[in-house]
Amino acid sequence: MDRGTCIGFVAGFGCIAAAIAMHGKLSDFLDVPGAIVAFGGSTSALFVMFPARKVLSVFGVLKNCFLVRLPEPPEEIRRLGALATLARREGRLALEDKLPGIDDPFLTRGLEMVIDGTPAEELEETLQIELSCIQERHATGKKMFDFLGASLPAFGMVGTLIGLIQMLGSLDDPSRIGAGMAVAMVTTFYGALGANLVCLPLAGKLEARSKEETLIRELMIRGLAGLAAGESPRVLESRLKAFLSPEARRMEAVAAE
Amino acid sequence: MDRGTCIGFVAGFGCIAAAIAMHGKLSDFLDVPGAIVAFGGSTSALFVMFPARKVLSVFGVLKNCFLVRLPEPPEEIRRLGALATLARREGRLALEDKLPGIDDPFLTRGLEMVIDGTPAEELEETLQIELSCIQERHATGKKMFDFLGASLPAFGMVGTLIGLIQMLGSLDDPSRIGAGMAVAMVTTFYGALGANLVCLPLAGKLEARSKEETLIRELMIRGLAGLAAGESPRVLESRLKAFLSPEARRMEAVAAE
Amino acid sequence: MDRGTCIGFVAGFGCIAAAIAMHGKLSDFLDVPGAIVAFGGSTSALFVMFPARKVLSVFGVLKNCFLVRLPEPPEEIRRLGALATLARREGRLALEDKLPGIDDPFLTRGLEMVIDGTPAEELEETLQIELSCIQERHATGKKMFDFLGASLPAFGMVGTLIGLIQMLGSLDDPSRIGAGMAVAMVTTFYGALGANLVCLPLAGKLEARSKEETLIRELMIRGLAGLAAGESPRVLESRLKAFLSPEARRMEAVAAE
Amino acid sequence: MDRGTCIGFVAGFGCIAAAIAMHGKLSDFLDVPGAIVAFGGSTSALFVMFPARKVLSVFGVLKNCFLVRLPEPPEEIRRLGALATLARREGRLALEDKLPGIDDPFLTRGLEMVIDGTPAEELEETLQIELSCIQERHATGKKMFDFLGASLPAFGMVGTLIGLIQMLGSLDDPSRIGAGMAVAMVTTFYGALGANLVCLPLAGKLEARSKEETLIRELMIRGLAGLAAGESPRVLESRLKAFLSPEARRMEAVAAE
Amino acid sequence: MDRGTCIGFVAGFGCIAAAIAMHGKLSDFLDVPGAIVAFGGSTSALFVMFPARKVLSVFGVLKNCFLVRLPEPPEEIRRLGALATLARREGRLALEDKLPGIDDPFLTRGLEMVIDGTPAEELEETLQIELSCIQERHATGKKMFDFLGASLPAFGMVGTLIGLIQMLGSLDDPSRIGAGMAVAMVTTFYGALGANLVCLPLAGKLEARSKEETLIRELMIRGLAGLAAGESPRVLESRLKAFLSPEARRMEAVAAE
């Protein structure tokens, strides 16, 4: 799993919980109606804005994003180079033995096409369509988290308004004013935390992840097309190096010295 | 009717109502002067900003958007392909029998032109003008909901200010302070809910719907022009496939295997 | 006068007044110092930002915008077509008899140039300069209302701060706290209402009006240039139809059937 | 000095002072620690963001902007035309007698170069560099006032928070609560006024002034290059008229009739 | 170290501390749970949004930015000119004696390549990659400070909500209400100060610094490539002058007179 995100969530909720525990108890911050308004309300607004099918697919996007580790470009270049060497020496069909060791479904699908003798152009076109689907899903995911990041604080405020209106409407028992306001404010707390610790940073991460995945997938497509066209391993590797970031290219150069 | 939007509204208002009902009664949240200020005020501002004619046409846009189901592109390609096959085999006039079964007025109008022998260029031009009208209406609709999404919370605040000023101006009876503030806040509640659960998500949906409708209408125009020019069904279908999204193209490919 | 804007203002202020009258009296919402801060302050800021000459010209812009009715494009095409027919049949000088019936000063000026035998290029250049002046005035007007829309709520808050500070500084008489706060809040009310019911919608309308006027003026320039060049009425009308919006073009087509 | 800005400031601060004086005294609105936080804090942030050298140069920019009157384009065209006529009739050296009567240092510098016989291209290049420096200073000035416009209200709020925290921390003497809150709020008042009456409008004016100065300087450069190249006065004047705004060109045309 | 930033921070925190000390003591503004929520929470959100590796590298960026002094362009042009003269007279190897006197690692690396006889194109390419890495780090640093500038006030508000909810939930002891609210507000104070005095201005400075460093590095790359290609010192210096800002070019011109 993506470690940074994990650390961030644990640390973030840990900080909040620690600060709460220093002066009170966590159960003061649980409020069922508030959670219904903040989370239920903004999820409902999400369904008004986006087609139901897309809202539900966002979980798949998140799972893919955080559970599937992307290979680093230099590592992937080496792997594709090794496969090209193998294909050169022992023929395309020898690639079949390597298939079980590959856990990336995108690469697996491409290699199967190479083994089946699919021409390079057709392979490239098919995988580009696959990549467009991935990008589209990422972009929709980012848009949803951005929308939630704006709508959660708004529904948090709606919940607080509900609580305040109910409390103010029945001021018979002054001793309950404080508790009523406390409960009312919990919804704003939910909205602010959900937006700032979860939704907005996740929207940023999805965007970064999408760029990263696009790069590595385009590198794979280029490499698989080279395999399909029977390019020599050396030519292939040198072409794939154009995909490296300046940082990585510098590290490669240092490693090569 | 558009199901997602429906589900979203029902769920959203349901969440709010449930949260209210847990600690009080819904009637606390009804306030006639507040509704006049929030909804009346922002609708009036809409009339200041947009020509009256356009404000009134927004209901038509919404009705079209939510009650008229758009065909899915692959489905439409098959339908146009079938019509092309029919026209090839039995001549254009045979299309007339199919007219009663078509409930989309845009397609009906196009088919009538094909049957009348309108040349392909003229047909294309006429339908493009029709499409521009539809897009213009959608764009205006989106702009209005965006404006309402910004203006409803503002008028909600205006209503709350009115309530607070009136309450503060007559503090004779301290027992009525709470109730006065509660009523004042209901207007902010109206504005926040109207903007975040209704107007802003609808603006987003109208935009998405506009893109979707533009795509399917352009597909229809292209297909009808092909019919008018007497293209062969196979050529026609393969050209129309360029309109498919990557997702749909992938599904078509899977289905074809 | 522009009816939509008129209706919007009457309805908007009517809603506010009605809501106020339901629970109190309108005079609670009059406060001279508050009005000085909100309206005086933001107008002063306008004078800091824009040259005095331009601030004063905004009234002319508004008057022109709301009191001068623009002809509809199809109507104008017919009028120019009729003038061209007249000029064809009886010569340019015959246009002179039509001048008194034309109440649009832009068109009057153009026709006078046609009658005087001004060459088409010179006429076009002169009227384009006139049009640029109009557009510049509209753009400045829009910028000012946008600025006021942002600055009115800010000065409303400044006024409320003044009221609160004065009230808090002299808490000797607790019975006056409520009244003091009420008066303080009236300024925020002024700022919010002025921005959301008047300035921001007017800025939007000025922009739309500017587009509309540009279109009709360019149509007029094109038509007058045609008159000056002695184009045939039919050629002239068909060229002017390129200025029609899709909506209008569709209606013309329907009318022609 | 620039009259509009002057009127705006006098009127704006006048309005505020008048509104204050109606119900209290101005001294309630003086608070040294508040001023330190609001003005000191945001100026410090300015020094963190911009190099010290640039922050200090902003005073020069303001002085130039408000104390140096820019000539109007038509007036400047006439002056340059007169100089060209003089140079034609009596030779370049005759321009020397006119130098003392010119109070614009940019024009003086250019004329000296013309008298010295500097070739037109060199003169143009040197003055363009001068103009770029002026524009760069204006742009930095605008950016600073925009930053202050955002940072003043924020530091105003910081000051109010300081006041509130100190007041709430020592509630021993309830009679001082009101006074404490009043003082705390003065800082927010400083921030809101400084941003909305001074900084944001000044940023707007600097931008407009920069456009205006660029125009007149480019007109001067063009005119001086013409002088240096020995262009005839008539050719020179007609070329410079291309710099006039549509408004001014219309007025010239009216004057010429 | 960068003096302006230093002065800004000292002055800014000095203003705040002075204002606080005038009416109370600094220790009222220390609150451990508040600091945990504001700083811990927004740093955690940073880790959710950016890869851990990049978050940690931001300290290096800051250190480089504020401890490493960049040479001024005219000064650097003179230094490169002197090196070129030396290389012309005594050969490239003579540059080796100058290496210990150069404390800029970028320049040192480039000179070593020149001494080793690296061809100009290869040298340029290698240093461009190095420069891209620097720019990428700066851009990420700016993005992080912008994100913190938005997220610190949000977490400040979350902390204040926690404090208020806990205080309102236990109103048994009315004498502690004030102190509770004071503590709650300290978190908002942290967020506002951190964002407006530290993060947002630093984001602005990083951007300006990045532009400045890009300019001087490109000047160095151009100069080193000239050295490697054996350009004459005069040609080299005159080409490098194209990198000077208008301000600097004017000063050079004045100095040359």
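By written order: A, B, C, D and E. Residues from 1 in each chain.
Simple rule for what comes next: a residue touches a chain if its C-beta (ideal position, glycine included) is under 8 Å from a C-beta of that chain, and two chains touch if they have at least 3 such contacts.
The structure displayed is predicted, hence computed values, not measured ones.
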item: Lowest number of touching-chain links that must be crossed from chain A to chain D; value: 2
item: Given chain D and chain E, the chains that contact each of them; value: none
item: Lowest number of touching-chain links that must be crossed from chain C to chain E; value: 2
item: Rounded Å distance, chain A centre to chain B centre (Cα mean); value: 30
item: Geometric centre distance via CA averages, chain C-chain A, whole Å; value: 48
item: Residues of chain A touching at least two other chains; value: none
item: Arrangement of touching chains [line / ring / star / complete / other]; value: ring
item: Residues of chain A defined as touching chain B within the complex; value: 32-34, 36-37, 40-53, 55, 126, 129-130, 132-133, 136, 147, 151, 154-155, 157-159, 161-171
item: Residue numbers on chain E that touch chain D, as the complex places them; value: 3-5, 7-9, 11-12, 15-16, 18-20, 22-24, 28-29, 175, 177-179, 181-182, 185-186, 188-189, 192-193, 195-198, 200-202, 204-205, 208, 245-247, 249-250, 253
